[in-house]
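Read through the structure below, which is laid out as structure tokens, and then see the notes.
When the chains are written out, they are named A, B and C in that same order, and each has its own residue count from 1.
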């Protein structure tokens, strides 16, 4: 299914130092499951024991692990990254054939560039542009006046609303939605009045968007996702959010409207970022954390409630509801303690 | 793309007081991005500085801001609401042509009323009714015996299960699901037995439902969403939930089964409401809050764990696991403190 | 719509003891809404008052409730389970006709077994196998080399990526995604490099998966869901997660990569389980709880921040940011308190 490479082929293409026999490998695998025609790697010393037991035919190791195995191996400064490159080499995406499936519905005014593949039962709206070599899988819904750059890949069921723009080499996983109306409602005294959402979604190059993730169009201005951003599954990006380049968010995270997130940030799963905030570059927000104020300094931020047994939680959590009273008692005790010390000072005097 | 209006046209239609030249405007925009043929607004004094710098051709201002600009302007009691009405006037939804796209699959027994638009590759089941003027976009899946009122709009990929009923003028964003089976499982001693979900989803008029939001059908009775409700993206409404009129929920919120939520409530993003609870009218739940008990009084409720730097969090959060012990120590200190004071009283006597 | 059963028919099929007239019933219903031709049940003594007021024609009661009503009734050890079985008997799923809808696109190399129903505008990829009697509803997207066991049911809009395997009798609700790429990214010094996700999703028998739930394929090894698992809506299962048999998760829960969850576990809604953890069998995690470390003992675990009025929360939550300082003060007071007692001992000596 994939090609076969000798270790010397890999070193020639990707660098690194070959030690031992120049064996051929067919696939990448974990230390625990690798077979004789597969290559594995050690990046985390925690798995060192597995290194002794692996049946892998070859290994990628860091310089410090040079002699931890006598198998055929490639030494690389960053074995995880090197292994990823081997993985990518051995497992290129399986492209469907170019061309428009006869069951797809493509507007006559759409511009479909060279080598594009449009799958069964997909649809493309008026005046949209699909860049060269892009893959639109089955059942995708591309609205009117959408622009998708070259080399993109939309998995099945993706919906792109009118006027959205995706850069080059975007990957969008199944059933993601880009360009839906933001949550704009004005109270008119008796009901919510819908605020037309007339901004767009603008996405840079080399962005990946996860399955069932939703990105709302802007209200007046645009929602912007910069180059190289990574969004996992089930993420919600509200209108007019701006996400800086190479920021990565794990699954189930939500970002409320008009928040501006810097570059090179990371977010653990189920984080929630409130609206109209600003997060600096290189801010790391840990999983489950609600960010309720702007964060202007790079660093790692957390707000996780620690898990306990139900019994311990019952005993402890109830005090949260009267923490202020507890703090007041302590202050009072300190005051009295000071007086006592003073009193005793007097007594000792 | 949109029409052009003079300020006097706006005042004639929407009220307000015109001050200055009766200029023509073409579009709405933010203060920061507006051009000479665009109208902007000031509702939040925080943006007053932008008012001085804006290139907008006209403004909507509140009475107190009457003289904060000398540009052509309309005074309105609620400038945000007024601006929204101008926005709606300038940006009517772009309706696709009426008619059934030849690639759609519509059951012969379905009743499709006047002016309905059914997009490419959509499907409508047996005995369903699509009300006059409703738009069903590409790839929507309408089950059997579904009723959708007049003037509705279903964006691409929406799934409506059999027997669901939507009122008039409902807007449903892409890939939302209405009427899926609720999470009903009975433990039979060795496995989960699926409980058939035979209730329906009943949705009132003028409801908007966000992208990828899911609303489960009732188990025995129905799940009910009343008139004017607003649900953002990625929301989960479980079986037999009842949501009162004009309640609004921000993205990623979850409501567990059989909970009854009042009218005019608001929920911040990622709130989680447990099952079998009752929330009164006009309850506001802030973002990220888990509601674990009924709330019978109107008001604002919160349960957010505050974010800190990782270092500070490590120092502080660990104490949550032994808050009960801390409170006990304080009680003990108070007891002793009382005794000490008594002792000293004796000494001083 | 459904058949009619006499109580004696039910007892013959399902066991239990019939007391009173052998009436015919047509449907199941709640105590509050049941009519004369419907059967209801009492499992929770909380609803005992409703028992007196119900218009139900018959009841399922536990032994202890034998004489709480004089209506025709069936006594069963577990009335909830018994009632569920009656429900299932009266409400078999409405199967669409077998056969492939002419608008569906099914690869010539796919193997479609006997009695399969493939709905309008669905698609099935190359070399896939759809087991006997399985229902694939409108607009489902089955990739290449997918295997789905017999008796399955995929609701509209479900996407199954290539190489996924589902066991027998799986039910998948609308717009769920199985087999999407996991969130695998390696930092190459200037950008995220996508890690090819070459593992599969393997799902056992009798699994139900909720609407808009996403299950990522494995990175190198497979993501595994064992027999009888129940996943509610909007759940995210990351790559290489392993979920043991009969575990049930409520809506909006997220499980990060490589975490291994035991059998017979339960998770409340919006729980978040971090990656690379291990959870033992029979662990119950309550709603909204973030699990940040492995749990090796069966039991019930919680980490919920309690909800308060906004005013109370403001007073209390701020102390969380300096809980360590508070604990230090208490320790200091205890130290001094001890010294004071010692001092007083001296004085009293």
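Criterion: a residue touches a chain if its C-beta (ideal position, glycine included) is under 8 Å from a C-beta of that chain, and two chains touch if they have at least 3 such contacts.
By chain, UniProt protein names: A, B, C = UDP-3-O-acylglucosamine N-acyltransferase.
Predicted model only: the values in this text are computed from it and were never measured.
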Problem set entry | Fraction-based call for chain B against chain A, same above half, different below | different
Problem set entry | Turn needed to bring chain B onto chain C - CA fit, degrees, nearest 5 | 120
For this session: Compute the distance, rounded to whole Å, between the mean C-alpha positions of chain A and chain B.
Result: 25
Exercise. Do you know which chain C residues sit against two or more other chains?
Worked result: 103, 121, 139, 157, 175, 212, 234, 252, 270, 304-306, 308, 317, 320, 323, 326, 330, 333, 337, 340, 347
For this session: Under the touch definition given earlier, write down the residues of chain B that touch chain A in their complex.
Result: 27-30, 32-33, 80-81, 84-85, 87-88, 91, 93-94, 101, 103, 119-121, 137-139, 155-157, 171, 173-175, 206, 208, 210-212, 228, 230, 232-234, 246, 248, 250-252, 268-270, 287-288, 304-310, 313, 317-318, 320-324, 326-327, 330, 333-334, 337, 340-341, 344, 347
For this session: Quick one: which bits of chain C touch chain A in the complex? Just the residue numbers, please.
Result: 103, 105, 121, 123, 139, 141, 143, 157, 159, 161-162, 175, 177, 180-181, 183, 185-188, 191-196, 198, 212, 214, 216, 220-221, 234, 236, 238, 252, 254, 256, 270, 272, 274, 285-286, 289-293, 295, 299-306, 308, 312, 315-317, 319-320, 323, 326, 329-330, 333, 336-337, 340, 343, 347
